[in-house]
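The structure appears below as structure tokens.
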Amino acid sequence: MTAPHPLDPDLRERLLAAPVAGLSAQLRARGIQGVSIEGVRPLRPGARLVGVARTLRYLPLREDLFVSHGGGYNAQKRLFDEVGEGEVIVIEARGDTRSGTLGDILAARAVARGAAGIVTDGGVRDLEAVAGMAIPVFALGGHPAVLGRVHVPWEYDVTIACGGATVQPGDIIAGDADGVIIIPRSLVEEVVTAALAQEAEDAWVAARVAEGHPLHGLFPMNADWRSRYEAERGTPEKG
Amino acid sequence: MTAPHPLDPDLRERLLAAPVAGLSAQLRARGIQGVSIEGVRPLRPGARLVGVARTLRYLPLREDLFVSHGGGYNAQKRLFDEVGEGEVIVIEARGDTRSGTLGDILAARAVARGAAGIVTDGGVRDLEAVAGMAIPVFALGGHPAVLGRVHVPWEYDVTIACGGATVQPGDIIAGDADGVIIIPRSLVEEVVTAALAQEAEDAWVAARVAEGHPLHGLFPMNADWRSRYEAERGTPEKG
Amino acid sequence: MTAPHPLDPDLRERLLAAPVAGLSAQLRARGIQGVSIEGVRPLRPGARLVGVARTLRYLPLREDLFVSHGGGYNAQKRLFDEVGEGEVIVIEARGDTRSGTLGDILAARAVARGAAGIVTDGGVRDLEAVAGMAIPVFALGGHPAVLGRVHVPWEYDVTIACGGATVQPGDIIAGDADGVIIIPRSLVEEVVTAALAQEAEDAWVAARVAEGHPLHGLFPMNADWRSRYEAERGTPEKG
Amino acid sequence: MTAPHPLDPDLRERLLAAPVAGLSAQLRARGIQGVSIEGVRPLRPGARLVGVARTLRYLPLREDLFVSHGGGYNAQKRLFDEVGEGEVIVIEARGDTRSGTLGDILAARAVARGAAGIVTDGGVRDLEAVAGMAIPVFALGGHPAVLGRVHVPWEYDVTIACGGATVQPGDIIAGDADGVIIIPRSLVEEVVTAALAQEAEDAWVAARVAEGHPLHGLFPMNADWRSRYEAERGTPEKG
Amino acid sequence: MTAPHPLDPDLRERLLAAPVAGLSAQLRARGIQGVSIEGVRPLRPGARLVGVARTLRYLPLREDLFVSHGGGYNAQKRLFDEVGEGEVIVIEARGDTRSGTLGDILAARAVARGAAGIVTDGGVRDLEAVAGMAIPVFALGGHPAVLGRVHVPWEYDVTIACGGATVQPGDIIAGDADGVIIIPRSLVEEVVTAALAQEAEDAWVAARVAEGHPLHGLFPMNADWRSRYEAERGTPEKG
Amino acid sequence: MTAPHPLDPDLRERLLAAPVAGLSAQLRARGIQGVSIEGVRPLRPGARLVGVARTLRYLPLREDLFVSHGGGYNAQKRLFDEVGEGEVIVIEARGDTRSGTLGDILAARAVARGAAGIVTDGGVRDLEAVAGMAIPVFALGGHPAVLGRVHVPWEYDVTIACGGATVQPGDIIAGDADGVIIIPRSLVEEVVTAALAQEAEDAWVAARVAEGHPLHGLFPMNADWRSRYEAERGTPEKG
């Protein structure tokens, strides 16, 4: 596969400014709900992730296939060598927490390549070292074992399942403390614009709530609140 | 339902001083064990929770019922608008972690109402924002999706199941790093008094253990240790 | 049982210097994979554990057996009174998280005895207090209930299962952020020596990766890289 | 609650003739997917279930509430005494398989009342006796313990969750070897008509497949196959 | 260990006549609830099991311990060679379904020894052959792999956990379609007598229910029903 | 992909004569253990399966991808139209039991094509109809919903994971009451020969056990038993 088209820097900035919860809500509003990578958490509190998916598929350990695919310059190492700036490596590990799926040397290579993050629905070796690196990593937890305990590294740049969601190479990946989601490329511009607008509106609503106003009529806003909001925002009311 | 009777401020202070583990032990001593809300953890380390239960029941997503009950001024919003000072909102989410069950605007409303806390056996949206608010929240984790992904907000102020335990409106809820428990109202005075007494005794035992004394005879205390304890505490020996 | 043979202080130092992931890899290289205690996490971030296993076996609560084995100076208290310097108490709790398996007084006794750590595949009472003590504790989480809610403390110094792995009294236990493993005594010297050597090599590889070298040929090292490594390390090349 | 409106006998016959899989597909075609009671299986192979839901809600065992609600003429017994002809008792047991949720005497009462079936996402006591009775029962399996081991019988004729789906009193319940589904009352006429039509069409397609025709163009039918089908069925082609 | 005391033949007959559900209820009435071996099912429908427990403990696979304990004349084979008439082999397999825990040759040996049954919370190899033998076997299901895939056969005639319940050598084991329970030896006479009496009473109640009488007042019986029952049974009313 | 090389009829007969447990043991003896498709059971008791794998991969439902891949002549239908005589369709459904993964029309097409079986780690629609067809089907159970409830049919004739094991197109699949295993093509001749030889030996051992001989020395056979066995079998003893 040729590398996926990179994210426009301005789009990337706007995605970083939008909470994952807000992006998720906009996808739902467009009929897309099957895009949460369930269960993964950032190794470092406060981590924020945005980038373009590069995918890596592991299969269940089968001893004969590990001989042919597990060792040497395998699919895992190839992808970490090839990952590009702004890309996020997403690993299918079938939710199996009984081994690591990457360690500190692999993570260091991703940093050196300028990757934007790593997401795995398996474990991470060298958890503390990896958590301290200049790259956001989302995983199910730590595990000391090498991946060959339960996985065969198989192929990369194919469509995968991760955390119960389907990820295609080139999809946009966004993560924060709430979790990680997938944004289909064709929707990303529309979704981020709507999410940032909603975020501004929600911040205004939150300020009203903090002042003591009830949710009733305010969240969602009725006509009165909306006209007050739009007046304050300098937005012309819709005709 | 009329709002439950508030907690007496002095009783509340004493409950805050008693570890949840100690309260749990006193309930067990009175034959009550089915009162642990399993799996929930505080969003902010060190959080301490005491208050009176207000309950909120979600049901599994069914598209036709979401139309009638999910949107607008639903049961969730009504309860957050009505919750009173010192009350704890307890949410039945059936342990389903595939969506949020509240977000930052709802949590802000609970803060504005003076609520004493929130407990949910589901996820929380806007995890970082909510964790930073002036209210203890105990949950299974974060999730970016709105509740409509898996829930229909149904009703409030009814008896619910949360984390595998039954919660009635008006029950006393207590939580700390060990977890969250339910204290039936009729037992709270007796249980907190006994827990604080036991806590004092345990602290004295812990000091002896720290000095190097063995557990044997000391934990639980035999007659010798008890008389020494009571002498030091100025408590007249029984009998 | 007589107390297990203590760890040689120098060996202990070397074990503390070796990451658990590295020790795990060396065991795998010798055909030993069934040695991960799955799911346990340190109560205090950054905790590092090395010691000799003392084992404690709990059985599922059966009311008639709790009468005979649960109370008074039971197997749990006996072991905490007997545990020696440098020993690690490992508890079989069958992965049941619905109660604590030890609390602050027990943990304080382990500290007073100079124990090197505690590992339990159950919960911990008084989580915050225990996390603050001068002993590393690895567990599945906190729980306020006493162990009698789901366990009968049964016996100690017998072979047990913990976190899906078999632990014998006298085994070496090592833990860090990646998790906890068991090292059979007969392999410990060989494994730690190999792990430290590999760790040095991996650190050198990591430095090359940080400089921007690809994994290809470097990890694992081909002949060129190895000769460069050995030249820098002052190690004579093999024949 | 007054008893729900009974099923029209002709409608009931048509529902019995329609496979649950076909009814499920028609609900999905109308945007309703959250209607599968997951995991329940018929105690007797070949059982077929159709009726109107009567609901029964159990809550997790809490010793103090069992005293007030568990014994005597409790919610469970009241509903079994009141259940009417053609009605299906649906029990919320939270998927807990560690006790029975009904036994042979209760089941006999349901038979005597002319009930159309029982569905529980818990266990059944006296499994063999109950399986032999003249009533279809769908459950998670057998268990010898009485419900008080893990449940408090709480209330009936309220909206419940069963097998991860929401059930309202008066909903139509249909079950066969594929599982059990809920049909909202307002959709039942339309859904059963469409399911029977689709079933006839599918039978015709299956006959063509058995003759050796490929799925391509036939399933779903293209214009050629459809016109052949309609010709054979004597159905005028759509203009 | 010396073989446990055998069951008196008359007691055995009475146990075979008592449903497991009834025995379970009597144990609960005496405060004993932690005696259900969860999840096990008979390989052959209609199987009925009564006997004296002989226990067998497997531990999680650890390659070095499998060398010392797994092969040759191991604990598993020793117990099957030693099991006596009327005894039930109960195996601790930790609920792991990823291997068999016995196969047809072992089962044939148990038959030849006159054993009364086998219970395992793991899988069975040669499922069809074993199901056809003259011995009731309760298990979690079939699996083709030998036990060494996940277990080390460790020891026998020790206290074990099976299906989440504690079993001691010499305990009475009873199983039918509802599941398998453990009856502490000291309670067996009292429990079976009470269960048979209750069974007779329940049969009479069931007959009244079949005649159309409501549960109200009948189940449990009020004074009127009880006097009618005792009159029919020829039992003098209690003064 | 071109269709995989068919099984030689004689090899197929010998595979059908060998129990899956015996084949599994021979694979283990050659270092291959990761070949059990966990959890699947035959829809019809007594079913026996042998054939060459054709693979089908489903991915988690993502609404945008279902539009492009879910409907019409999708990967599922293509494979069922193309499957050849003696081939076994193996479906990756990620163990998700919340929908069917095939129904009666698809199964009928597989029968018409002469397929040797179907294995899915998901559910089956039209369970009763499919169970009655002239093809062995192994699945996790029944479910009325169409696959689009949780899956996108994605591609076929690629390497997949099914029931926790990796399956390649062209692998040999064998199933019976014990479960389903994968035999790498390169090992099948050797494994079946050894399994049949072992089966003969085990049958002889079983006959001796039935006569009352102990396992000790017989299972596995010591030199005496082996020489007796070889004498009876007319096999020359190994020099």
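A, B, C, D, E and F are the chain letters, set down in written order, and residue numbers restart from 1 in every chain.
Everything that follows uses one rule, which is that a contact is a pair of C-beta atoms (placed from the backbone, for glycine too) under 8 Å apart; a residue touches a chain by one contact, two chains touch by 3 or more.
The structure presented is a predicted model; accordingly, all values stated were derived computationally and were not measured.
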Interface composition of copies chain E and chain F: same or different, split at half: different
Interface copy of A-C among A-F, B-C or B-D, judged by whether over half of the contact pairs recur: B-C
Longest centre-to-centre distance from chain B, chain (CA-based): F
Longest centre-to-centre distance from chain E, chain (CA-based): A
Length of the line joining the C-alpha centres of chain A and chain B, rounded to whole Å: 32
Approximate Å spacing (C-alpha centroids) for the pair chain C, chain E: 37
Chain C and chain F: spacing of chain centres that average the CA atoms, whole Å: 39
Gap in Å, rounded to a whole number, between the CA centres of chain D and chain C: 50
Contacts with 2+ other chains: residues of chain A: 33
Category of the chain touch graph - line, ring, star, complete, other: other
Each pair of chains that touches, named by its two labels: A-B, A-C, A-F, B-C, B-D, C-E, D-E, D-F, E-F
Chain E-facing residues of chain C, complex: 31-35, 59-65, 94, 152, 154, 159, 161, 164-166, 168, 182, 184, 186-187
Contacting residues of chain E [partner chain F, same complex]: 72-73, 77-78, 80-81, 97-98, 100, 103-106, 108-109, 111-112, 124-128, 131, 141-146, 148-149
Touching residues on chain B, where the partner in the complex is chain C: 19-21, 23-25, 28, 33, 36, 38-39, 41, 46, 176-179, 181, 202, 205-206, 209-212, 214-217, 219-220
